[in-house]
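What follows is a single structure, written as structure tokens, with notes after it.
In order of appearance the chains are A, B, C and D, and numbering begins at 1 in each one.
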Amino acid sequence: MTTPAGQLSEPEDVALKQLYDDFDRAALMPLWTQREEMMSLVPSPGAVPACWRWATLFPLASRAGELVPVGRGGERRAIALANPGIPGRPFTTATLWAAIQFLGPHESAPAHRHSQTAFRFVVEGEGVWTNVDGDAVAMRRGDLLLTPSWHFHEHHNTTDKPMAWLDGLDIPLVHQLDAGFFELGPDTLTTAATPARSVSERLWGHPGLLPAAMPARPNSPLMAYRWIHTDAALSDQLACEAEGVPATVEPGHGAVRFTNPTTGGDVLRTIRTEMHRLRAGVTTTRVRTVGSSVWQVFEGSGTVYVADQSFEVATGDVVAVPSWQKLTIEATTGLDLFRFGDDPVYEALGLARTVRGEDGTR
Amino acid sequence: MTTPAGQLSEPEDVALKQLYDDFDRAALMPLWTQREEMMSLVPSPGAVPACWRWATLFPLASRAGELVPVGRGGERRAIALANPGIPGRPFTTATLWAAIQFLGPHESAPAHRHSQTAFRFVVEGEGVWTNVDGDAVAMRRGDLLLTPSWHFHEHHNTTDKPMAWLDGLDIPLVHQLDAGFFELGPDTLTTAATPARSVSERLWGHPGLLPAAMPARPNSPLMAYRWIHTDAALSDQLACEAEGVPATVEPGHGAVRFTNPTTGGDVLRTIRTEMHRLRAGVTTTRVRTVGSSVWQVFEGSGTVYVADQSFEVATGDVVAVPSWQKLTIEATTGLDLFRFGDDPVYEALGLARTVRGEDGTR
Amino acid sequence: MTTPAGQLSEPEDVALKQLYDDFDRAALMPLWTQREEMMSLVPSPGAVPACWRWATLFPLASRAGELVPVGRGGERRAIALANPGIPGRPFTTATLWAAIQFLGPHESAPAHRHSQTAFRFVVEGEGVWTNVDGDAVAMRRGDLLLTPSWHFHEHHNTTDKPMAWLDGLDIPLVHQLDAGFFELGPDTLTTAATPARSVSERLWGHPGLLPAAMPARPNSPLMAYRWIHTDAALSDQLACEAEGVPATVEPGHGAVRFTNPTTGGDVLRTIRTEMHRLRAGVTTTRVRTVGSSVWQVFEGSGTVYVADQSFEVATGDVVAVPSWQKLTIEATTGLDLFRFGDDPVYEALGLARTVRGEDGTR
Amino acid sequence: MTTPAGQLSEPEDVALKQLYDDFDRAALMPLWTQREEMMSLVPSPGAVPACWRWATLFPLASRAGELVPVGRGGERRAIALANPGIPGRPFTTATLWAAIQFLGPHESAPAHRHSQTAFRFVVEGEGVWTNVDGDAVAMRRGDLLLTPSWHFHEHHNTTDKPMAWLDGLDIPLVHQLDAGFFELGPDTLTTAATPARSVSERLWGHPGLLPAAMPARPNSPLMAYRWIHTDAALSDQLACEAEGVPATVEPGHGAVRFTNPTTGGDVLRTIRTEMHRLRAGVTTTRVRTVGSSVWQVFEGSGTVYVADQSFEVATGDVVAVPSWQKLTIEATTGLDLFRFGDDPVYEALGLARTVRGEDGTR
């Protein structure tokens, strides 16, 4: 706290105390006692760098699968990665919610929709279909599946095995903004179809081609981004680099952004999604960004440095990077990482800042 | 809380408790115990409808003027209107900070800049100049003065009388987003000039005319919106209405938006500002909006209904309207109100919703 | 013409002639005989630099006033400045049409509307009202008055004196694009009102203030830009420059752009309008721009250099500047010039290019 | 011509003639004698509906292949489809230039670049590579290949057979606008590489995925749109329609637009490109559009009705549709058609209008 006053005589001290009491009674708080906290020199997030292990997440989710039914009320067997720096809240960062969702053999999760924007990323397994506004979308390893704001969605597992995946939402952001609406859909599955390709992929998933009769949309109309394409794009990017063509983010570090084909912008209005591929041995340039992100290792192993912490990571592990914390990634093996972040929020509000390579060292 | 389980046998109960303990140790929180709070059916803001009286604010600010010096550290003698529904935080609503700022005779507040976006609105008095990036801007009754994000600003009172005004900032939003930077400027006044018109008004304040050599900017380059123009615009609007020309928001209710002349959009990227004028006897249509706003009576008296509360208001009184709360205003006399809101945030993020006239009755 | 062939044997020559005949019969034209004309190294406009004198224009328009009635069919007593380089067409440049329009005492010109975008600029006189979609707009010296695409408009002279002004339209552009629609309005005046301020000025003419209830529009909703504001903006700009504040286009050369207050962009989608003020003795930097413009001296005298020509100009004189021709203006006295150009067209289509100061010399 | 005057006495007649002579000497043209032509009630294009047969085009291009070398000056062996309604100009419509380009076995066409925007569409054959700013792009049947404004490009045929294709450019538009620049590149081929996929496809051709490090561009960075994708997209669209999902333009009529993946907009700033597929027996709804288009049959046969004309068409045939002319297409067999149009120009300038289904009958 900054006390603006210097030496106060005793009567002044009494008067000041009385003033503060009167402020309190009048629902007032002076800036001068709050300035340093409310207007810090640089962002000082409550959230801390944190890492969750797939080796921990999956067994816990499995146990939940045995003990906790999926159904109305709870709605989803999703277990949030709750940042230790934000006690009592299921927030992975100040704006982002990441969870492992688990669906047992032949289980289904009922339809609902909400203002919160969601996606699923599949680190292993297959056999679940997510129906988005009635369109059945297969979920398979490496795929990114979207559920934009206010789209009905339900999930069902068609196999004899359980399946788990990463859910990403902007729950903390929408909560802070008091902007959330929620609505239940039908209690029973609206479609049991299990097509290999969703309607959305058939209409919007051809490169550079859009239906001539359909207008642009603020969120992507393409609900599935398949691993076969993502993998090929990353391979091509690194191969171009090897041929001397500018293509990658930095040497040995390829990255693609998942985009809304009708605008070229982010797939979702509040969440950016990307897949990164590092060649074995590469260390990324240190970067600080206003806004937070969550990384999940898709394949390979390495070390993630966030602020003054480091996490050795392997397939499925998840790392939270709070706002303005230095981030560097070292690839031990070739390393594929999925990233999602709140970048579109800061860009839309004029609050984005990024610094690369600061300090020279890692 | 929603417990998804029905009847659990005792061993299951033990297992569930163990699971929750293990979640806790692993920094996990299940959605099914949090869903109703985190994903409510409609926005359920912590902030409550609240009203602060000018008759209370001004004397308390005056007392602070006697007891609390202005200077480095505290930076400003600004006293925030702290919403009773958000304990321990100087937040007027979930995203907005409103304060009364008080500057004694011949006092000055030193230069600084910050990511937070700010404006001042003057309900009474004159004689202070605010220097924005070196441009001296007079502050007078009815004027709106801007300090966009990351512009240096300092204030100085050139008169023998104190002056107080309303400060509006997006401190809560920037705090939640961990996006704030803050920098001190020189300790002494950078200019003591007291021009009647600022450079910004001379370059950008001519209707429909912009300097041909200067590009558009995301925040308004016009730092002062003078009461003489605002008053004339509102009078014209109501006069047009009286002649049968569509002009007003609704019958007897004129309103102008303060805009960035280089884009036609809001003056500030995160805050909308408007002045409303109601004819005596008019009751506005009930409206609910996602996002919050703060209203200050500039002149006249009436009643403001927010959710299930009502506040009889007069010149200088301030009312906070949390997200999605019903709002109606009744004008006893002709009533001029200044409004600021976080609307641009919700529009930029695709989270805006407004319903008018719902339920028919107030 | 470029003949690609080198030496052709006689049979080849016959065969080539036969080929060209066959092309002709098949409605074909080879590129190789057209390339140099169709794809020149730099723009080679048909239009030439040209100047029309107010001392010529006004008397000729007056004679037309005596001999040619205004009415249905011809619609307007407007006499186009027809570029000598574009024979048989009433085109001032490749895209722009400028004309002197003349309305005798108490005459009126009947209502119509068209796809072509129009404005009027008044170099002298007053007393005519132009009714734009029923809104009566006074025309006075120094004013810019708009008639955006597809707005009904009619003019009537309320005085005992004739009045003449400059009309600017995009007739050549719309003609080349086969995009014109035209519709007659009522034969008799829709309103004889002569208000000092139009509704459009009352709703949209307050600096930085817009009606809160009315959305943005692609063309300006403000139909009149008054000389009192334009003059003040130019004076302020040059005064700021004198105080060392960056404000002008270049030293001694102030300029304002007339803008759509709802977007900050040009007032009309196809035409840019500006007013320039040069201090006595100033010579502007030589500039070449893709696209054409038309300049009218509003007050003062000087010399306008276009390509290899020069024109000594005084109040009311009009100069056409074709695409990519070097332009320099020397102010003998203080010099105010109105400019309109087709810049928005080239910017919208990605065809804009400008080079300043090329060659060092004038 | 519309003479505004009624009965003129003889002296008036003399005076009027004198006035017109004086107008002429002063480089003036009255509106009232030009109004009907310059401001017609609806667009009255000079261009007429026209059809060119592939069976005519290809043999004539082959003869040119024997007689006319490709090289500097002529630059390309391209033969424009010259609209009979625009005599003396190689313009297919008022804004568009379509040509058949022919490259003999092992020939190459040297590098140049120009402001004019270009594409190639391949109706048959393969074996030519077009190098766009050094990136070698294979040309094969059904592919659309881009050469945006100011990109260097050269073509070379790697086979023992000739190849011909359709070129589309905005030459007439750029000519009318006096906006063209042209620059020669190296005289010899910059690369003889013949990769199956261009760099542009490797970086930008993955559905919904963009390189994270590369910003949006006004023209598409993807230089090749392959038939395999276009065909699949059209098949998917019609299959979706058959399943009852809204997907097509109208029953039995699928269409995809080629888009810039970084913006979702048209591939080129001045030209729209689309592929249409009609089921056998389908007749499209009659449509009128401001702006012109050119259609080429890719496969199948049918009848194209334009204004009061009809053309029976088969593979390779090209039809020009001038502005505002009624268009209907009947598919005899299943019918694939490539279309390009100037729609982006009219949309950017606020001049677009389309009417569908007018008059009920074809």
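Keep in mind that, in the parts below, a residue touches a chain if its C-beta (ideal position, glycine included) is under 8 Å from a C-beta of that chain, and two chains touch if they have at least 3 such contacts.
Predicted, not measured: the structure shown is a model, and the values here were computed from it.
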{"item": "Between chain A and chain C, the fewest steps along chains that touch one another", "value": "2"}
{"item": "Centroid spacing, where centroids are CA-atom means, of chain B and chain C in whole angstrom", "value": "43"}
{"item": "Geometric centre distance via CA averages, chain D-chain B, whole Å", "value": "52"}
{"item": "For chain A paired with chain B, centre-to-centre distance based on mean C-alpha positions, whole Å", "value": "30"}
{"item": "Contacts with 2+ other chains: residues of chain C", "value": "none"}
{"item": "All chain pairs that touch each other", "value": "A-B, A-D, B-C, C-D"}
{"item": "Residue numbers on chain B that touch chain A, as the complex places them", "value": "2-6, 12, 15-16, 19, 22-23, 26-36, 38-47, 50, 52, 56-57, 60, 63-64, 66-71, 73-84, 89-90, 94-95, 97, 99, 114-116, 149, 171, 174-183, 218-219, 269-270, 290-292, 322-324, 344-346, 348-351, 353"}
{"item": "In the complex, chain B residues that touch chain C", "value": "199, 202-213, 216, 220, 222, 225, 229-230, 232-233, 236-237, 239-240, 245, 247-249, 255-264, 267, 274, 276"}
